[in-house]
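Sharing a structure below in C-alpha cells format, with a few things to ask.
First chain written, first letter: the chains are A, B, C, D, E and F, and each begins at residue 1.
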C-alpha cells in the first residue's frame, strides 16, 4: 500500500519568457508582459511529493529532514534570489516557463531519490497559475 | 511526458437545492438549510486543470491568457453575480449542487479545448467543501 | 495593559444591493452586477475581535467557547444560508452592503459583551474585499 | 462517470515520535525534536475525499452533512485535544507519524462508507508537511 | 462613526536592493541575496484600506469598482511585470525596499482619493514579510 | 512618518491549560478539552510587527535578517517542539493560554529591540483563534 508525503518550499526569482528563434514582435505577441526585456519576478511555491511504501518500524515513508535538505541544496540554493535566465545554467537553452522550471526541478530531485520512490512536483508561479509534473 | 497546468478563477452566485419531484418536507429533510426557498449564496472558487504535452519551442502547454479568456467568457460571465436557479438556463432542469455545477463547467470548457488536452475541474463551494471532476 | 482576542466564523448568504428611492437605472449604474434582481451570494468570513484586560488567574481575556456561542446564536443562526434582503428583518430598511452588514453584526455582539470590553468586526465579502468597524 | 467530493476538518493533538525497540540515542538521532519525551503538538488539517457516481435525482454524490457527522464521531471526537500516544488506543502499538495517523483515519472512515465509494485521506501535520493515502 | 473598506490587488515584479553611495562589498553585506546584480523578483500582494463615513443612502463608504480602477491604473499598470529598478521612474532615486514601495503606492493612491478619506497600504513582499504604511 | 514591518514565524508545541489553585472539576469546567492532563498541541503562527522611522539611505526600517535571527533565537529555539508546561521555565508560574504566550513573546523580543522601535505580537493558536498584544 502506497503513501504520498509532501513538503512545501519556496524561492523568489526573476525571469523573462523569450524564444531566441522568434522575432521581437513574435515574442511580444506570444508572451505579452512576460517578455519584458528587463525581467519581472515571482515568489515560486513548490510542493515536492514522494510516494512509496512506509517503513513499518519507523512509520516514515522518508525522513522529511533529509528531503528538506535535498530541496534546499538542489533547488532553493540554486534558484532563490536569482535571475533564472542570467544566473542559472539550467535555463541557458530552455525558456523558463513554469512548465520548464517544474521539469528541471523534477529532474534534479529525481537524481537524489532512491529508485523505488515516485516523485511529483507542483510549482505555483502565482496563487492563480500552477503546474504539476510527475515524469510520466 | 505529460504536464498539467492549472488556473484559478472565481464567481459569486446565489442558489437553492431542490428536487421538484419531492415534497417540500422531503426537500427540507434532505437538503436542510440549502433548501431555503429564498436562496443563499457562495463565493465559488474554481481550478481549471489542463493536461498534455508541452510545446518544445515555447515551453508552454497552453497559453494561459487564452485559457483565462475561455474561463471568463464561458464561466465567469455566465455565472458571476447570478442566481443559478433563476438566471442560468443550465440549471433549469438540474439541481445546482456543487457536483452538478462542476460537471456543467467541465462540459463548457471541454467544448473549447483542443481534443488532445485532458481537463479536470475542481470547484470549492466553501473553504471546507469541494468537488473534483475529470469526465471519466 | 490591553490584549485583543479574535475568533473567526463564517456564514453563506444571498443578497442584492438596491436603494428603493432610486430608479432601476440608477441602481444598475451604481451597483452594477450586485443589483441583480434575482440575488447573488457570498461566503462571508467574519473576525470578531474583543479587547480588554486579561484575568490574571485564568490567563484568559474572555472564554472563547462563550464568545463562539454568542457568534453562533447572534450571527450564524440568523444569517447563515439566508437571503439577507428577504429573510432578515435587519435589512428590511437598510441596504445589505458589506459595510452595513458589519455594522449590524457589531451592534448585535456589542449588546452581549460586558461593557468593559472593546469590540471590532472584520467582514470579508470576498477574499479581495473586506470591511472593518469598531464603533468609533 | 466518477466525481470526487471532499470535506475539510481539523483536530489539535499532542504526540511524540518514538520506536520502543530503539535506544534513546537512536530515537533522538532519527526523529530529532519530534522525539521530545514531554511531547509537542500540531493543528492537524484533514481532507476526506470520497469518489463515486452521483445520484441523478438529488445531484449529490453523498450527503455532506452525513459525511461531516462521520468525521466528527470517528475522528474529531477521538483525536481532538488528545495526546495521541497516551490517550488513543490506536497508537499504543504504532508510532503516531503523520503517515500512520493518515492510515488510521482512512481505516476508520472506510468502515463507515458504502462499499461502492472510494476514499482518500490528506492529512496536514503543518502547513509545509502533509500526507496522502487512498488504501491502494 | 468610521468604517474601513479594503481591497486586495497584486503585481509581479523584479527588483534589486542597492545603495549607489555604498561599495559593492557594503551592499552585499547589508542586503545579502537581495543585492544580486541580475535582479530577483516577487509576487507583491497589496491591500488598500480606505477609511471614512459611509453614505447613509447607498450604504457604501466608497464604490469598490472605482477604487479597483484607481489601483489598476495607478499601481498594477505601472508595476506589474516590470523591473522596478530599470522600468519605473519612481525608483530611479530610491531603493525599492518593501518599505519604499509601500510609501510610493500610498502617495499615488492618496492623490486620487477625496481628502476626507484616510488611506493605509499593506504590502506583502512574500508570505512572511510585509509592510504597513498610513502616512502618519 | 512611521512604517510597520512584519515577519511571520511559527512553532509547534504541546500545552495544557490549568490553574493549580482551582479544583480538578473547576479546571475541567472552565477550560474544557484544553484541560486534558496528558496535553494537546498546536501549530502556533506568529507575526512580529516592528514600527518606527525608516532609514533614508538603506530604505529599511530594520534588517529583516536580523529580526529573523532574534525570532529564531528567542522564540523558535525555546518553544518549537516543546511542551510549554513541562519544558519551558516561562510557564512554570503562568498558564500557557494564547494570551499569556503572546505576552511572554512580546517581553522577550522587546528586550532585544532598540528602544525607539514599537513592537506588536500577533499569535495564532489555530486558524480561528488569535491574540494581539502591543504592550500598552
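The rule is short, and it goes like this: a residue touches a chain if its C-beta (ideal position, glycine included) is under 8 Å from a C-beta of that chain, and two chains touch if they have at least 3 such contacts.
All values derive from a computational prediction rather than experimental measurement.
*Asks:* Rounded to the nearest 5 degrees, what is the angle of the rotation relating the C-alpha atoms of chain B to those of chain D?
*Replies:* Fitting chain B to chain D on C-alpha atoms yields 120 degrees.
*Asks:* More C-beta contacts across C-E or across A-E?
*Replies:* Of C-E and A-E, more C-beta pairs in contact link A-E.
*Asks:* Please compute the C-alpha centroid of chain B, do the same for chain C, then give the distance between them in whole Å.
*Replies:* So the centroids are 28 Å from each other.
*Asks:* Using mean CA coordinates as chain centres, what's the chain A-chain F distance in Å?
*Replies:* Chain A and chain F have C-alpha centres separated by 34 Å.
*Asks:* Going by the touch rule set out above, which residues of chain B reach two or more other chains?
*Replies:* In chain B, the residues touching two or more other chains are 127.
*Asks:* If you go through all the chains, which pairs of them touch?
*Replies:* Pairs flagged as touching, ordered by label: A-B, A-D, A-E, B-C, B-D, C-E, C-F, D-F, E-F.
*Asks:* For the complex, which residues does chain A have touching chain E?
*Replies:* Within the complex, chain A contacts chain E at residues 10, 12-15, 33-34, 36, 38-43, 80-83, 86-87, 126-127.
*Asks:* Could you pull out which chain C residues touch chain E in their complex?
*Replies:* These residues of chain C touch chain E: 17, 19, 21, 30, 32, 94-100, 102-103, 127-133, 135-136.
*Asks:* Which stretch or stretches of chain D touch chain B in the complex?
*Replies:* Touch residues, chain D against chain B: 1-9, 49, 54, 57-61, 63-65.
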